[in-house]
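Look at the two complexes coming up: chain A is in both, with chain B in one and chain C in the other.
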Partner chain A sequence: MSMPGVGTEQERPLAQGATMEISVSRQDLLRELTATQSVVERKTTIPILSNFLLEADEDRLTIIATDLDQSIKTSCAAKVKKPGSCTIPARKLYDYIKLLPEGDISIKLMENHWVQIRSGRSNTKMVGMARANFPQVPEFPETSITRIPAASLKGMISKTIFAISNEESRYTLNGALLILKVESMAMVATDGHRLSHVEKTGETLTNVSGEKKTLIPRKALAELQSLLGSGDDAFVEFADDEHTLFFRIGRRVLTTRKLSGQFPNYEAVMPRDNTKFVVVRSQDLMGSIQRVAQFADERSGAIKMRLEQNELKISSSSTDAGESEDTIETPYNFDPIVVGFNSAYMIDFLKAVGSEGEVRLEFKDAQSAGQMRPEDPGEDYKYRYIIMPMRI
Partner chain B sequence: MGFDAFFGNATTVRHLREGIRAGRIPPALILAGPKGSGKYTLALMLAQAINCLRQPESDGLPDFCGECKNCLRIAEAQPLETRVEEAVTAREDMRDADKKETRILIQTHPDILIVPPDPPQLLIKMGQVRRVIHSMYRFPSDARHAIYIFTSTAFMKEAANSLLKILEEPPAFASIFLLAENTGELLPTIRSRSVVYRLGALPTASLEALLSQRHPEWKPPQRALVARLAEGAVGRALGFDLPGYAASRQDALIMIKNALTEPDHSVLFRMTETYRAGADGQQKTSALLRALSSLLEDLMLLQSGAASLVRNIDMLPELTRLSTAISLGWIESAARGLNQVEAGMRRNLLRSLSLDAFATELASS
Partner chain C sequence: MGRIRILSDQVANQIAAGEVVDRPASVVKELLENALDAGATHIRLEVEGGGRKLIRIADNGCGMLRDDALLAFERHATSKIRSSDDLLSIATLGFRGEALPSIASISRLQLDTKTDEESAGTHIEIMGGKIVRVDEAAVARGTTIAVRDLFFNTPARRKFLKSETTELSHVTALVTHYALAHPDKHFELHSATHALLVAPPVRKSSERLYQIFGGDLVDQLLPVAAEMSLEHAGLPEPPPWKRDADYKRPEPGFLRLSGFLSKPELQKLNRNSIYVFVNRRLVRDRVILHAVSEAYRNIMPPTSFPVVLMFLEMPPDEVDVNVHPAKAEVRFRQSGFVHDFVRDSLRNGLIKARPAASFLQALTASPHATSVISGALLPDVSPLPGEEGETRFAAADSEPVLVEDAADFELRPPQPEPETDKLPFSLAGLEVGLEKLTSGLPEAHDCDSQTPIEAGETEAQAPATLNGLASLKPLGQLRESFILAVNEEGLWIIDQHVAHERVLFEKILRERQVERVERQRLLMPMLVDLLPQQMVVFAAIARELERNGFEAEAFGPRTIAIKAAPIGLEGNRLERMLVEVLEQSERETQRENLETVRTRIAASIACHAAIKVNTPLDSKRMEWLLAELAKTDHPTSCPHGRPIALRYAWKDIQRAFQRI
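And then the complex of A and B:
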């Protein structure tokens, strides 16, 4: 394969009638490429997967990226001179478009899958692959769509995503469970050591009867989170079929292959009689834990929480680093208790809650799971975080 | 197109197709057989038959059309070496940071993942098995039943252990095919969780008949020779590199003659010197060792008076002459020495030196 000379303006007819010629504003193109490029796998040896698929029709340019697990399809306005499609190396195109100045960009398919990109006085050719090699991306089904308020979904994802397991072999924990009911929705994630559960009431959901539970893989949640962050759509349209989950945010569609397997019965681990509790300012607790955790055993990150008369003592010690203790004064009138927890797990929760307001820590005894909750969650959120204790 | 293009081992193929008809596709299947016996070809054919959109039948058993979208995409993986080369090139073009963690995988169909040994070590590595685990518990997108094909049994230890984890709890909609030249290389715990099908050697006569169809340009003595040298493996017979083999055999013969007649070290060293480090040298050395073992086998057959079984029939007079000069004990010690050289190769000993040492040992025994 030889590169047609850049700048010589060869205008040879194309083989098999494969054409495409469009003009698109750099701003629009870059915005859509930014939204899709995160799906493109960097570390793949399957060449077609490092390409975008571009399709031009009527007055729109559609951009598709897939890693065979997820796909994102988006579009933007474009002047279509010749409709058609082509594939372009994703990373190179994205990096190049970023470097172009504002203005119109013309994209034209040449022969042998070469694609010419021109803008102002810049002229570049890149080689793509045959369009036929690009994997089929599932189409959004237009039936049984549930409209989910985007802000609520975004809130639920950020409150649970960090608790998803990273262990590939615990595949049923590699995602968060979304539970949709007629008037509420909930999301729960766990890695077996801690569990994050958030419920949002006061919603009205369409096309939901009884309870619909869906396990959403972590990577798809992360994509969803960034798509929700970059747009200002009020609703996400959600649908699924046998194999695939679909999320439509405005003109963008995210699909993901469903995970098989049964999410564990998390309701059984929700503590019921954690009657000893203490309320502290989130910011104070975060500061104390971060300080004390510096001196915790590096592998386990274990810290000790000691509750006594109107006092919460957080301490740690390790043979290498030394020992550390912080005391927070706060009303507490129950029997004294000492429990150990992984400091990193507590910090994850405090980050998700934010530094405003207070959190409530609820305990039963040193052998039972502890529960953390925001004292005043607001906006109909019910947020609970359960951590297994450590033996210390 | 269809299973009638698969030559030999009809009973095994029939059993496998009967399994597909009954909807019983084992979660783990070992296809065992020597190099070139058709393991990979059969694995792809099975993947096609399971997922063919048209689902034709022949002889009352499931077949594949070879023309539907699923069949075509699976068939694209057929030239395995080309696909592996493409993947290796793709990896070489990556940024250094990404290169290190990227493993070779082939996926011409989204639900059929082929895992070849990862170069340069040519082992199946953790990253590859991790990818299989990641993908396996997701529902297939275009296929009825997803298939994961491991083309070799040379696993890194941790990789084999984590494969075991999926075999303990496989999803209903996916299977693993392990292609094994030597099933003993697999962990016993993997073997015990898999169904084993063997592709046996084909009779020399049927290989000769096949060669006369596929390679009419070859002369009959050449076909007869290749049919024997292929050791019953169809793929090896069809793609046999006779000049390459002849060259390796010539070198092997130098070593044997060096031991049996007056040693001529300058000839020997000039020969062993050409076995260098690197991947090329590795292939060249294993070809030499294979040729040598084939010659030793023939010498043993001649000694035992079974001249009709000799493979290197073009060298029958010379081999007969050599066989009178040696004893069974000599062949046995030579074979043992050969095993030692092979073991040394796995530990990355210097190739030319190991060959010199082996040749000298042969001469003194």
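And then the complex of A and C:
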């Protein structure tokens, strides 16, 4: 497999009086900078990390950004007059290129890390830093690569990413667990209050034997989401080594440091005897909850779900805002039940499901976890969302 | 021959003197009280040598008849009460008939007095308790007493006297506070060379306050006034069959409070700046001191104390003043009632005023500030023993006094010779050094670090309230930790963490009050390992924790499993909060009541759930926070007592830029 421009330049000892001179189309360059710039730290105490590393070799320009936790490496075609490399302040370069008109851009490394950028009648110089200071970025391994269908991965991320914990101290919950099997894959995320679990069957995965579990940090999932959104590649190549996870989407490679620690035993908390249930239209439920939540306690967002004879009543009250109730008619003839939930948690799920179709709400009692799932998930997805109640 | 002997009067008087008089200031106190009891409206005092050489007090009161004047130096001679029944409703400051004989037994005393009834006045001289001369005197109505060479015949006691300056400062503080209690009377205090205090009569306490302390302190103080009918807790009545035919129900009367209390940012390291007058008698009463602390609880750090000048008025039969040899303590017939009345009145005063702290004042008003200005606001010397001095009165002759004095000398940095002409203002400067040495930082928030602040100059501020908080327009954040905001009044800096902490604290207490604390159940119980003694503490407060949103149970001998948590607490924050509460409880359990535990837990939850420093906030969030803060009862300070919002007044900004 040919990987132009990747992995060669870094190993080569740096020539004295380094040079680099290329010409690249503004459209290509901007597209790749856009894909990469989100990794660059805005407020970093390590100045080199606010720079892009540009490497030019043969007929490609490679762009690398890293915040030490993750890196993105991408490339585009370029006319390389003098191969070489340089670093350029990332934010400034990105903002500047956005403002240039279409056309070719020439980038040339000068003395003392100055970089000249010319396009049409525009001429700019920026000062970068010594290329040698730029941290080493891990190389994509050439073995044990698993090809994951891109659309499925994207779907799983969007159904779980919101349930990842924001609490930085709970680092094992700061990511989603990817479970790869020979014929299926699943992703699960939790913040300790709710848990989102999605499973996709009917896949054939290479290089997987038994079950492979990988904890992927939230930041990397968000990067993946946008990389998957901008490309139209059918597969993501996934690999890992001791410390690093690698994802290759077309010509772009995302690496991320592995999260250490044990993801909690989520299977133990999946409810088994939630026998009281209703089915409602997703859109109706969303509307009701959003209305009622306006009057919930600002901090907790607590709402009450009351299931009675063929009715689902959703209500809230707070000393500040007032109170509110919505009723949805729907078949229900189990024992009445009242249970409180954080409305934001429910809204997250309904957004992930979309406004089409129906959702099923399954309960046991006011203390036990409630479960929500799409009534007709389609496309071999099995999607379950578990929320712990609040006592209001 | 038996060994027991009746002591001579002279010795008995000297012993009594030990209880009544232990330093020049206590002589001044007794003589001042006598003058006030005699209805004087003009009182002039002179002291020399810190009062050891001379104390002279001249009043224009009713004076004494010749026979009475001689009798006044007998023990237990008083015109103020007749029977023990009178003891139940003492309306005068004196009642024991002990002061004059006691003072006379340990000094050389001269008395000149004249009444309206007799045409001639009386002159008496007494040396160490023996009358050496009685004469007629041509003097105006009133009484003048000169006490010379105090303790000349009791060398043991003389040893305990401190420096002239210290004794003078005590005298000054004492006169100052009686002057405050009686704004309608003329007070003067002179040293050999200077006029220390000259206060002609004024109509209101606030005018007197201004007269004595000037505008700087007055700006830091808030007036309070409250009144409550004692009807519901009236006097006990005899049963109907024991009542006389013409029995009249006792008038229940009123409990009244008036005075001044400091804004929360003015903080002292001891209770010496809390002055309480009960029926115009300066007292130091535990019940009231406790009520004051309660009023400031969660507004001021527990290690700091406010400046309070408080006058309580109540029917004389509601208060027993006959419980302490120096009359420094009193006992209230309904002490719980008085306690709650004081606490609630002060608290309401603080809530109503919502005082805004000026940024510059906050720099100097903290007890830890090194500026002399903070000290200069009030003479920080108490004529009565403070909490650490309480042993002094009780056991005036015993060791602790010595030890304490020694410690005092060690702690004090070398003192500059005070400028006595500026008393009492410069006195406090001496205390500042001491405060600095003994200071501990206010109770720490474990979630943020101290931000160093550079000292600046200070200027008097116009009184300001926090009522404008709701109209504040946030401009942005300083280091993602402080909100900068403006309104007509000036530029404000708001500490986002403590602001949110205050909002949450009051919300949690409110919800707890009505048992409506919301809680989030956890998907997987969170296990927290504790030390054995923490397990014990946990068991003791588990019920209260439960009502605050924690559902937890023991999970093995040294582990608890948390199954539900208060809103906004997760992961580390939850665990840290719990451990903090357990550690505090371990230290406090002995003396804490339930309400204190409750507020402590609420403060801890609030602190850990609140927005942290170094957290970016968008303008909507800042507006929300300021609006919520404006709704709180005490937007002045966080539950640990740190200031929340400080203001650069528009006037000061203009002044600093030399526009006015």
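Here is the rule we go by: the second predicted complex is superposed on the first by the 376 of 392 C-alpha atoms of A that agree within 3 Å, B and C clash if a C-alpha of one lies under 4 Å from a C-alpha of the other, contacts with A are read in each partner's own complex, and residues count from 1 in each chain.
To be clear about the criterion, a residue touches a chain if its C-beta (ideal position, glycine included) is under 8 Å from a C-beta of that chain, and two chains touch if they have at least 3 such contacts.
These figures come from a predicted structure and were not determined experimentally.
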| item | value |
| --- | --- |
| Touched partner set for A:R42, first chain B, second chain C, both or neither | first |
| Partner chain in contact with A:G261 - chain B first, chain C second, else both or neither | first |
| First (chain B), second (chain C), both or neither touched by A:S169 | both |
| First (chain B), second (chain C), both or neither touched by A:L195 | second |
| First (chain B), second (chain C), both or neither touched by A:D297 | second |
| Partner chain in contact with A:Q367 - chain B first, chain C second, else both or neither | second |
| Which superposed partner A:R391 touches (first chain B, second chain C, both, neither) | second |
| Common ground on chain A, meaning residues reached by chain C in one complex and by chain B in the other | 169 |
| Residue ranges of chain C touching chain A (in the complex, touch as defined) | 504, 507, 510, 516, 518-524, 526, 564, 567-568, 570-573, 624 |
| Residues of chain A defined as touching chain C within the complex | 165, 167, 169-170, 173, 190-195, 264-265, 268-269, 297-300, 302, 319, 340, 342, 367, 369, 386, 388-392 |
| Chain A - residues contacting chain B, complex | 42-47, 50, 68-69, 135-136, 138, 168-169, 171-172, 174, 217, 242-244, 257-261 |
| Chain B - residues contacting chain A, complex | 86-88, 90-91, 94-95, 98, 101-107, 110, 130, 133-135, 137-142, 162, 165-166, 171, 173 |
